[in-house]
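Alright, structures below, take your time with them.
Next come two complexes built around subunit A: one with subunit B, the other with subunit C.
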Partner chain A sequence: MNVTVARLTARGLLGRRRGLLLLALPVLLLALSALIRGIAGQDESTAANILGGLALGTMVPLVGLVAGTGAIGPEIDDGSIIYLLSKPQPRWKIITSKLVVAIGCSIVFAALPTYFAGLILFGTFENLTLGFTIAALIAGIAYSALFLLLGVVSRHAVVWGLMYALLWETVVGQYVPGAQTLSVHQWALSIGEKIASPGVISSSVHLPTAVPLLIVATLGGAWLASSRLTRLTLAGEE
Partner chain B sequence: MTTISIDRVSRWFGNVVAVNDVSMTIEPGVTGLLGPNGAGKSTLIHMMSGFLPPSSGAVTLDGTPIWKNQQAYKQIGLVPEREAMYDFLTGWDFVLANAELHGLPDPGAAAKRALATVEMEYAQERQVSTYSKGMKQRVKMASALVHDPAVLLLDEPFNGMDPRQRMQLMELLRRFGAEGRTVLFSSHILEEVEQLARHIEVIVAGRHAASGDYRKIRRLMTDRPHRYTVRSSDDRALAAALIADASTAGIELDLKEQQLQIQAVDFYRFTELVPRVAKEAGIRLLTVSPADESLESVFSYLVAAK
Partner chain C sequence: MSETHAPEGRLDVIHDIGYRHYEGPRLGVGYATRSLYTSSLRGAFGLGRSGKSKILPMAMTAIMAVPALIIVAVSIYVKMGKLPVDYPQYLTNLQFVTAVFTAAQAPVLLSRDLRFMTVPLYFSRPLRSSDYVRAKYAAMVSAVFILTVLPMLIMWIGSMLGSMDFGYNTKHFAFGVVAAAFYSLVYAGLGLLIASLTPRRGFGVAAIIALFMVSAGVSGALREVMHVTGHQAASFWVAMLNPGFLIDSTVSWMFDLPLRGNVAQMPTTLGGVVFLAEIAVLAAGTFALLVRRYRKI
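Let's turn to the complex of A and B:
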């Protein structure tokens, strides 16, 4: 972990439009939760729908996408990454620092808002809020690593990320049950399932499958990103 | 004493050969890498700065390969051609961050020294995004100098600079060269290179076209046959008078266009000869224009001459 890399990454991420986008999603979730609580009252299935669909299903991957790809993609695009890379720093350190910042963003802009939305909607009953919060936290970590990798390998990282998070995890997952085995969303849900009271949260993946896959996705993503960054070339721009 | 060696290096991108079997040694002092746009200068600099592996051959810093060797950056300072920096930082924050990334014991003092060297202290509190091109170039220089490197690589550093900034930067690079650092800069402008570098390496179409002292390169470039188009009040008489002199190699009387196509072999003598001969013979010169003065033709002559 390199503090300078982390500081530069955080300032780049939170500055200007990207910071506003990161802030807008949780604000929307909290406002909506307050509104629903006011209208529908304290209802378990409503709370589970909002936290599962809106928070974990939409906000967490979107924040992970913005934070993960935004932590490195723009620097590679405009070439300013050269100032980080032309230093006697191992490349894995640069990736680790950027990953820490992306995960930090996921915690602040996705996991914590999920927790507060849960409190507003359903309080602390049946560990529903805790279950979804831990799931959001775990998913945020995995998304950050995967989308950071996308940011290193592709100039169209945001498009690929959206296709994965919205098409694969939601649409394809609905019709092809097997696709859910390769879904960060489902892996995280299986951890939430374990934490919340029985029957409150359900996942289509079993915990013994989900945990190794989460670890492989996160560490593998970070490792691959480091190794690709080590071989990053500046093609001739003449 | 730090030396960069390029040993039989080629680099291709798919079917395109960007650098073709180039060998050169960059030694302490200022070296100019000269060549037209697209000749492979940036590709060479990318390989020397560890951002591109050679397809074949070896690029080494004092015997150690530079590709995938992050420790090499302790000795290398790089000024890239692209302008993108961390625009949201102030000049000071940017140079300080570079010092920290180098792991220097006192990054603040190093940043201060580097900004003073490029005379940018007066604007160091401003955001990089507000800088002019020349100011950005100087802050980039400061970031490359912050760890006091033995080698300085600059890709087209004079692009977009005004004459005063150009002079300042040249002065700075001259000083680094005199201090025994290995300074390499690329340019496509001969005058720029010969003002600054004693030693010049010429790259044309990916090939090493010439190497050596600037005087030698200058001679190669001026001694080549020059082609001129001349129109006058009496082309035939002028042609007869000019061909008598040893500085011309051939004259064609183009009756259709009513002009002379002249091939001169001694550039300086010829340019002095034409007005003198015309005056003596009472001939009025209407047009005297070089037919092939473009840089590309100069370079392609160099390649053919090799």
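Let's turn to the complex of A and C:
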């Protein structure tokens, strides 16, 4: 972990108006939660729908996508990564620093808003809010690592990450139940299932399967990213 | 004292250093705009660019077209006599492919010119900024239109090959073309407007897709709440929040098609008119904002 690299990454992610994009998502979620609480009152299925569908299903992957790929993608894209790579820093340190920033973004812009939205919608009953928040936190960490890897590997990282989050986890998962075994969303849900009261959150993956897969995906993603970064070739603009 | 002598009849030349002048026809603004349109439209599908940049748009086009091919093949093979999916409904089902295509390719058309500062070079030609915007907008609209019409064309041709009801299929194919026109105008406009605000392609892609995904999530959540609280009759209004839902319910309302898509309730007459107006405002508004964006570069 290198503080300077982390600081530069954070500035690249949040500097200028780019931070506003990340900030818009949680603001929207909180506003919507307040509105729905006002209209529908305290309702478990509504709260679970918003937290599971909108927060964990849409916001967490999106923030992970922006933070994970945005931490390294633009630098590789415009070639300025060369100034970073030519410094006497091991590549795994660069990846670790960038991953820490991406995870930090996921926590601030996805997990914390999920918690507050849960408090607004349903309070602390049945540990529903806590379950979804921990799930959002875990999913945010795994997404950050996976999408950081994508950012190193591909120049169209955002789109490929999107295809994973949209197509694989949602559409393919609906028709092919096996696809859900390889879904960050379901792994995180299985942890939330354990925390919340029984029957409140349900996941299609068992906890003993989900935890090792989560660890492998996160650490494996980070390790692969740093090993790919050691032999990165800079291509010209397509 | 040095004598400056301009060649006879040419007052615009300060120093004639002996190069041969171009005397041929000048093709003018229209030609330049058309050229920019053609190259942008080809660029939207990665034609004339490297193999790597073809992968994504071509993959999206394939994902859009292959299900149509399968539907046609199966329904001809088992002699259904009728396609199982209606033409506009097909576009509704594959909305997210259209959204991802727009998100991926709108920044390709605009962000690169911004990042490498090539926009001023365009404007050093006879091209004005409004011509540039017009060419790019037309190119993106055409690209999305091709993407959305292609699978329906496959279905229509397939329906004729399978000797299904010609009148019915042609009528519904026409409905689908109207829907495709709505999709291309609204999606291309929104995508280009967001892409024009950032020189970084990655952020452009993320911002555009965030708009489509989050608005769909918010709209769906609000609809659910309105159902729970018994405001079912008015719940069609939430479709206004998401471009895809908006077009889906507008087309269903215009042609009185069964609404099996993402909106529970058919819009009322007032709702339908408001929806149509919103589509017009979205298409025209994004174009006007783009022209404003490029007035000062």
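Criterion: the second predicted complex is superposed on the first by the 233 of 238 C-alpha atoms of A that agree within 3 Å, B and C clash if a C-alpha of one lies under 4 Å from a C-alpha of the other, contacts with A are read in each partner's own complex, and residues count from 1 in each chain.
One rule holds for everything that comes next: a residue touches a chain if its C-beta (ideal position, glycine included) is under 8 Å from a C-beta of that chain, and two chains touch if they have at least 3 such contacts.
Note that this is a predicted model, so its numbers are computed, not measured.
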**Item:** Side-by-side fit of subunit B and subunit C on subunit A, or clash
**Value:** fit
**Message:** Tell me the contact category for A:198 with respect to subunit B and subunit C: first, second, both or neither.
**Reply:** neither
**Request:** Check whether A:162 is in contact with subunit B, with subunit C, with both or with neither, and answer first, second, both or neither.
**Result:** second
**Asked** Any idea whether subunit B or subunit C touches more of subunit A?
**Response** C
**Request:** Could you say whether A:4 touches subunit B, subunit C, both of them, or neither, answering first, second, both or neither?
**Result:** first
**Message:** With both complexes overlaid on chain A, does A:208 touch subunit B (first), subunit C (second), both or neither?
**Reply:** neither
**Message:** On the A-aligned overlay, A:53 touches which partner chain: subunit B = first, subunit C = second, or both, or neither?
**Reply:** second
**Request:** Quick one: the Cα-centre angle at subunit A between subunit B and subunit C, nearest 10 degrees, please.
**Result:** 70
**Request:** Pick one for A:78: touches subunit B only (first), subunit C only (second), both, or neither.
**Result:** both
**Request:** Would you sort A:43 into first (subunit B), second (subunit C), both or neither based on which partner it touches?
**Result:** second
**Prompt:** Once you lay one complex on the other using chain A, what is the shortest C-alpha distance from subunit B to subunit C, in Å?
**Reply:** 10
**Request:** Take the contacts of subunit A with subunit B and those with subunit C, and give the residues found in both.
**Result:** 78, 237-238
**Fill in**
In the complex, subunit A touches subunit B at residues 2-5, 7-8, 11-12, 15-16, 78-80, 82-91, 230-238
**Fill in**
As the complex stands, subunit C meets subunit A at residues 49-50, 52-53, 55-56, 96, 100, 103-104, 112, 115-116, 197-198, 200-203, 205-207, 209-210, 213-214, 217-218, 220-222, 224-226, 228-229
**Prompt:** Considering the complex alone, what residue numbers of subunit B touch subunit A?
**Reply:** 13, 18, 37-43, 46, 49-53, 68, 70-74, 76, 78, 80-82, 84-86, 88-89, 97-98, 100-103, 143
**Request:** Sort out for me which residues of subunit A touch subunit C in the complex.
**Result:** 17-18, 21, 25, 28, 32, 36, 39-40, 43, 45-46, 49-50, 53-54, 57-59, 62, 65-66, 69-70, 73-74, 77-78, 155-159, 162-163, 166-167, 171, 237-238
